[in-house]
Amino acid sequence: MDIPISHILFVSTALFFIGMYGLFTRRNMITMLMSIELILNSVNINFVVFNKYLYPEKLDGIFFTIFIITIAAAEAAVAIAIIINLYRSHRSIDVETAEEMKW
Amino acid sequence: MNEFLLLMKQELVITLIIFILLFVKLGKEEMKNETLINFVNILLALNLASGFFLQQSGTLFGDMFRTSELFTLEKNLLNLGTLIISLQSYNWLKDHKHAPEFYILLLSTLLGMFFMISSNNLLMFYLALELSTIPLAALANFDLEKRRSSEAAFKMIISSAFSSGLLLFGISMLYGSTGTLSFTELPAHLDGNPLQIFSFILLIAGFGFKISAVPFHLWTADVYEGSPVSVTSYLYVISKGAILFVLVSVLYNAFAPLNESWYNMVFLISVLTMIIGNLFALRQENMKRFLAFSSIAQVGFILIGITGYSPEGSASVIFFVLIYIFSNLAAFGVINLISAETGRENMSDYKGFYQANKGLSWVLAIALFSLGGIPPTAGFFGKFFLLLAGAGRGNYLLITIAALNMVISLYYYLKVIKAMFMDANDNPIERVQAGWSPRLAMIICIGGIIITGLASGAYNYIYTLVK
Amino acid sequence: MNYSSYIALIPLLPLAGFVLLGLFGRKYLKASSGIIGTGLLLISCALSLYTAYNYFFVDGKVGDTYQTITAVKYTWLSFSENISIDMGIILDPISVMMLVVVTFVSLMVHIFSLGYMKGEDRFATYYAFLGLFTFSMLGLVISSNLFQIYIFWELVGVSSYLLIGYYYDKPSAVAASKKAFIVTRFADLGFLIGILVLAFYGGTLDFNILIQRLTDEQSPQFLGITTASFVGVSALTWGLTLIFIGGAGKSAMFPLHIWLPDAMEGPTPVSALIHAATMVVAGVFLVARLFPLFTITPVALSIVTTVGIVSALLAAIIACTQTDIKRVLAYSTMSQIGYMMFALGVSGYGGEDGLGYTASMFHLFTHAFFKSLLFLGAGVVIHFIHSNEMRDMGGLRKYLPVTNLSFFIGCLAIAGIPPLSGFFSKEEILLAAYQSNKIVFYIALITSGLTAFYMFRLYFSIFWRDKSLSPLERGWGEAHGEGPFSMKLPLMILAVCSVLAGLIPFGQYVSSDKVPLESHFDPMFSIAPVLMGVIGILVAAWMYRKENDKPQRISHSLGGLYKTAYRKFYIDELYLFITRKIIFNLIGRPAAWIDRHIVDGLMNGIAYTTGTISGFIKGIQSGKVQSYAIYFFAGIVALTIVFLYLWK
Amino acid sequence: MNLSLLILIPLLTALAILPMKNLKQVRIVALLGSAVQLILAFVLLYFYQQQRADGNMANFLFEDNYTWYAPLQINYHVGVDGISIAMILLTAFVVIAGVLVSWKMPARPGGGEGLSKEFFFLLIFLSMGAYGFFIALDLFTLFFFLEVAVIPKFLLIGIWGSGKKEYSAMKLALMLMGGSALVFVGLAGIYFYTGSFDLLQIAGMDIPLEVQKLFFPFAFIGFGIFTALFPFHTWVPDGHSSAPTAASMFLAGISMKLGGYGCLRVATYLMPDAALEYSTIIIVLACIAILYGAFATMMQTDLKYINAYSSVSHCGFVLLGIGMLTKTAIDGAVMQMVSHGLMTALFFAVIGMIYDRTHTRQVAQLGGLMRMMPFISTVFVIAGLCSLGLPGFSGFVAEMTVFMGSWERADAFYRIATIIACASIVVTAVYILRATGKAIMGPVVNNEHLSLGDAAWNEKLAAALLILGIVVIGVVPFLLKDLINPGTEIMMQKIADVVK
Amino acid sequence: MTASQTIFYILSAFILGTAILSVTTNKIFRSAIWLLFSLIGIAGLYFWLQVEFIAAVQIVVYVGGIVVLIIFSIFLTQQAGREMPKPPVMRTVASVLAVLFGFALSYFLIYKNDFKAGEKPFDWSVNKIGTQMLETGENGYVLPFEVVTILLLAAMVGCIVIAIKAPAPSRPSPTGKTINTQGQADLETHLEKEIVE
């Protein structure tokens, strides 16, 4: 492989911050969730890359990735359940509607 | 094999309870909530009792899991707290549709915390963290009809997902720069280069989010306010306590090489946390929200203890968490009862509270005194020792700030006392009759508040374990 | 012989009376309280006469000097190893003389009050207070210790306060008592600091040791106190001057005299006892007590002289214009005490130079008798017509024969007409003044003339100056004439004393160095004073014997001067200005204001600021989960920046 | 004898109050408890004198030392010397008097009698804190009891108080807690340079000067706030004036003494070099408090405010005595603590009696009380005379001792300070006599007052007890002096070499 | 420039581009689709990295599970085509700044850090993963595996409790419910299958 690791890390980091941007700006709860998925994916890339390039003797990164994916799924499921429930009560999934509690 | 049984006994028991509940749920005939609750309480009590003997220390699963008497103790404390909470939630839970699910989720988070305490590996830590977070988000939504409840749940899941994302990024960077995930190997690889510091800060942020330290605390108040009182008190005491235990051991062991830099970080964070927490708590009207901010301030104090970086430091932190469990749960016991019976949660509702509910007012008052650090309650000892531990590092600026913050915090605790005892109210809360189990919980808490401090046994025991 | 066996009883009996009547009088001993008080005092009077006899004639004199006998002494409160307050009794000529005077006059007053105060509902309280006063005064005169004298000094002050304020529901009385206490208290501040100075340098509070140390030039204490100086004046001078301020305050010397005339609000017998015979001379006594020290500090001594003579003259002038008979007497008291003061001032130490000292004590002695006599007489008059004002009086000689006579004797005595007591003492004073300081002498001479004038002005306008109206028309209580025998008796006794007291060869017993002093009587010298006295009397007779308008015309002709004198030279107004305008408005009020608004405002300000900040930052908690996330991330970035680049 | 009894008996009394049925039983129990405590205090005095007579010259007698928190070298260590005993006696007197004057509960909006239990419970509990504080020889124990003695005041004032009670209660609690927070910092500092909380051990070591200079201000100001150190005295007027009678008595009589005792026993005794360093500042503040407090008092129109401000002025003498650092001055400071404790308690008691009858504390609305209530008026006059330092009462003795001691510092600065302090006796006379002249003497202003009755037996007893104390000290001061003398001498051994 | 390099850069460009599109586009459904593409791209990246197993998991779980779930819930909660409301300008600006700065900072740190490449060759195989996954000893991941199963169980229970609800008046929530639980169920089975494999 003749791609410097920093380039791959550029991709993952960029992805991470793109996800973060989405989380900051998207007003729709589901899209916020998507952004989080992006963030997690960037982390996955990191783990795989580090494991493959730097510490090939063990499979820590790979396993971490697998578990992250699983957790991401569970998180998404619960989040969506909550969103649906919230949608029932708020009649909308716009974040701006969910700010009764403040100060 | 039986070693495995012994070392993981608490985790196993909890898992067992979870599965029993699962079968109860799936079983044909519905079990009455009352019996269920009492049943679970008994099981928890058994687990608590079992925690105190046959203590061993060792590691399992290729040092993924390690335990020691200290960890067992910490787990017992959490177990105790959970027991108290479940005793208190009786009034709320007895006519809730999803009592078994409540317990399943609650206990799975508790299990997560146990694993988190025992985790010897960033992977385990992360998984346990998520296990102790995600079901809580679901629990936050357990007042299914309340708008605020679901809003709270949403806020919690989103911000926890975000924070765990950052945490993960940090962990990955740490992995990238050290090549290991195990806490035991970590110190050898830490050389404090910028990337490690950065990833460490991300890690701290992850912790900070869970213990709601400034500036990672903003979700706290909203979530605490929205969720059902039992869940709030659980979030408030148990999950916070668990994370604190882990934080101490992680900082003191895994990140010992970086202690110079983390000392400064923790110092800064604790000062911010105390001040911001107090300033916000000053102006709160809703009891839960008010306690949320006060808890943030408390965390600031605990962080002082952590800065001590000494056996006294960790001992005082654990000791304080114990007291914190008692004091807060005593306070929440009353609030829980009142909100379950009358649905009133505002400070102004507590005006003239003393006229009808003498006992409850005294419980709340003692709890608040303990939180404010007034002798002879245990809170006084807790804070005193935390500050002593912090002073051990010779940072008297921190101590002075903390001491003055104690005064501010006293102000808002006294505000509640004032409302209860002094203010007049045209329709005060009428007499509330507490069932046996909330009453038992309160007795335990008050007993704890009074005894833990005056009798030095608890602290000495913890100290010997820490040593 | 051993005094300690009984001497302590002399002060303690009145104290016992005070405690007894104070605790139970109001309830149980209402009727008998007068008798009890008087009886106790009778005993202590007898005892003190017995003491005097023993001291002067039996064993007081060793060789040819009177010893200072310390009869009783125990440590009351020790500050440091050698400075301590002792409670003790020392007997020396002046203290013994004072014992006699105090107990005697006090006894007279007690007896007089039996009649005068009859029917008062706080009769017992009155006697209790009298007992307290007598106790304190006795304690004062027999003090062996500088601090002990201060203690009793305060006690006489408070008992005078209580007695002046006896008619507590009369605002004027309350005000007067307040004034008296505060003014003297102010003077006592000087006294206290003086004590501190002397005690510090003298290293002791005991009179004998103190005097003995500070009068010998070799002793380290002497060197210390004379070398140490503040604004160029030696510590000794400071100390004595400050102490003298205390004395001046009690003795109503100018400019601290303003309380004395007002003090006449108290019951008249009280005025007789406290504000004529005993307490007011405490200042003189104090100076006399420390006289050896004064003699080695000319500055202090000259201050004493000046204050004394000024007060004497000033008081005399004012007295000529007053119309309230008790006030006239009060000013005359002040004037007479002025005499005693400057007599001490002009005196030297030992032998012939000590004449002034002897004279002063002698005058103190005689003055006690005739002044109390005059006051009691005035008491009878007031008791009879229920008024203090001259204009309500006149022609009383028909109704009050005994009083008339005794009052007349008193007036003669104070005017210094031979052979009455006043003549001898005053003559000695003048002689002493003449020998040391002519100016003082001439002023004193004039003053004595004035004295005679205003006394007889008083006398004539009370007892002569007949009005055509009948007593009933003038609303006098015809019921009782001169009152019961208990009121007449003291008058007679005191009259006799005023006549005879002068014949005592006083110098034999009391002198500056305690060596008997030959008092030589020089008729040639005494012409001038007597002449002045006679002139004064004649003028008074000419003006006041008959009802006429001479006084008005003269006062008109004097115009401003008269007015000024009548207004007591506006000194009261001056004090009023200082207290009201300066102390209250410029210090007190600002202090209170600052405390409420600045100091306390600071404390509240802190709280307020905290609240405001908390309101100010509440926006962070906006309830928007996304901005939370932004803060979260910003926090991380900030931490990173700080800990990677700033806080190395 | 076992000193822990001093803590135990109030505790038991307080607990015994809880199950009581009605006001009658409650107050009986409270009275019994405090009476037993008074007796106990005298027994303690007796044993103490005996020990001293037998030539037991230990610094502290009847020591008890149990390990409490071994890892932190925290012990429960108690013991007494003359000073503590004087303070304990003072406390016992004031507490029993307080119980007596609140025999018929302070009137309270919303059922006064209803909360009698709580009232007496808190009062006794408070006293426990004071006792513990005075016998503690371990800084932690001391601090513990110091704070125990703070919060009940908040409730006492806030619930049973008058006027703007909540504000005052809050202010008092916060300022006192702020004080103890500072104290804590000082203690922590000492702890980490000596590694011990034990007062005697620490007294044995000598702490380096810069450390002392760093932590002395914390400890001193902290305790100073309790004893109305200028400019931290502002809780005094509000707190005292809003508090119910018994609480005011306790507040002014004892809790201000906690501060003085702390300043002496902890700050000055343990850090004498720093005390010397800062003595000028202390003296200046004390003088300001004395004179300025007195002048501020002159302007007050509310009897309680008058006494509160005069307390500021009088406690200034305590601080002055401590600041002067001469044995006599410190003796004076201690005597002043005791004397002021009794005197001000008496004053508040009598003001309370007047208030209970006339329902006003405004001097302008009172007058000629002597006619209706001679006993109360006489007590008032006595308290007043004591407060203006009349010989025969305790105030005089204490103040004079302070003056004498201060004058021993031969230097213009100290001299002027002393003179300023002396000057206050005149101002004191002014305000005391003004109040007396207007309220007690003079004509009756309000004819409704004509029907008012005089003191009841309990009030008479309370006043008598306090007056007894005052007069005994005033007439035979050497009793007190000899009692506290050994204690102050031991302190001076540490301080003297500093001063010389 | 070798083929693999070209592939890599194209892949990364694709990933980032679609990602950006998915967080910026205003149509929610489209953004879901863009997300899908982006995830697939990442899977491609894994292929390129020759960790096909992860790629497979990625596709199955994300593409087959999560995205499906998301799209379902989108359908459930609103009309796909509708424009999403814009965020407040202030926050957009703030986020842009925060994100850019954060990116610059962290990438700078990563870039500066010198990663020492490992010398051993990286070898993995599905059965190696499988055995390690169920191994209890050194490098055994059975414990995390169990933890995750419990987490999934809890998550499922939580979802069911929250999502199943007495039919709300207006909404046809039963459908939503069933769909939802279906989603849960098959997600569950997927995962189990994947992991044990």
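Residue numbering begins at 1 within each chain, and the chains themselves are lettered A, B, C, D and E in the order written.
One rule holds for everything that comes next: a contact is a pair of C-beta atoms (placed from the backbone, for glycine too) under 8 Å apart; a residue touches a chain by one contact, two chains touch by 3 or more.
Predicted model, so just to flag it, every value in this text is computed and none were measured.
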Shortest walk length in steps over touching chains, chain A through to chain C: 1
Neighbouring chains common to chain B and chain C, by label: A, D, E
A-B against B-D, pair bridged by the larger set of C-beta contacts: A-B
Chain with minimal offset from the mean of all protein Cα atoms: D
Between chain B and chain E, centroid-to-centroid distance (C-alpha), Å: 31
Between chain C and chain E, centroid-to-centroid distance (C-alpha), Å: 103
Approximate Å spacing (C-alpha centroids) for the pair chain D, chain E: 71
For chain C paired with chain D, centre-to-centre distance based on mean C-alpha positions, whole Å: 37
Residue numbers of chain B (touch at least two other chains): 123, 127, 130, 134-135, 137-138, 141, 144, 153-155, 158, 162, 173, 176, 194, 198, 221-222, 283, 411
Of all residues in chain C, the ones touching two or more other chains: 607, 618, 621, 623, 625-626, 629-630, 633-634, 636, 640
Where chain D touches two or more other chains at once, by residue number: 174
Full enumeration of touching chain pairs: A-B, A-C, A-E, B-C, B-D, B-E, C-D, C-E
Residue ranges of chain E touching chain B (in the complex, touch as defined): 105-106, 109-110, 112-113, 115, 136-144, 147-148, 150-151, 153-155, 157-162, 165
Chain E residues touching chain A - in the complex, by the definition given at the top: 2, 4-5, 8, 12, 15-16, 19-20, 22-23, 28, 31-32, 35, 38-39, 42, 45-46, 49-51, 53-54, 57-58, 61-62, 65-66, 69-70, 73-74, 76-78, 84-87, 91-92, 94-96, 98-100, 102-103, 106-107, 110-111, 115-118, 120-124, 128-129, 132-133, 139, 141, 144, 148, 151-152, 155-156, 158-159, 162-163, 165, 168, 171, 173, 176, 180, 183-184, 187, 191, 195
Residue ranges of chain B touching chain C (in the complex, touch as defined): 154-155, 158-159, 162-163, 166, 194, 197-198, 201-202, 204-205, 208-209, 214-216, 218-219, 221-222, 261, 264-265, 268, 276, 279-280, 282-283, 408, 411
Partner chain C, residues of chain D touching it in the complex: 171, 174-175, 230-235, 237, 292, 295-296, 298-300, 309, 327-328, 331, 368, 370-371, 374, 385, 388, 390-392, 396-397, 400-401, 403-405, 407-408, 410, 412, 418-419, 422-423, 425-426, 429-430, 433-434, 437, 440-444, 477-478, 481
Contact footprint of chain C on chain E as seen in their complex: 87, 91, 94-95, 98, 101-102, 105
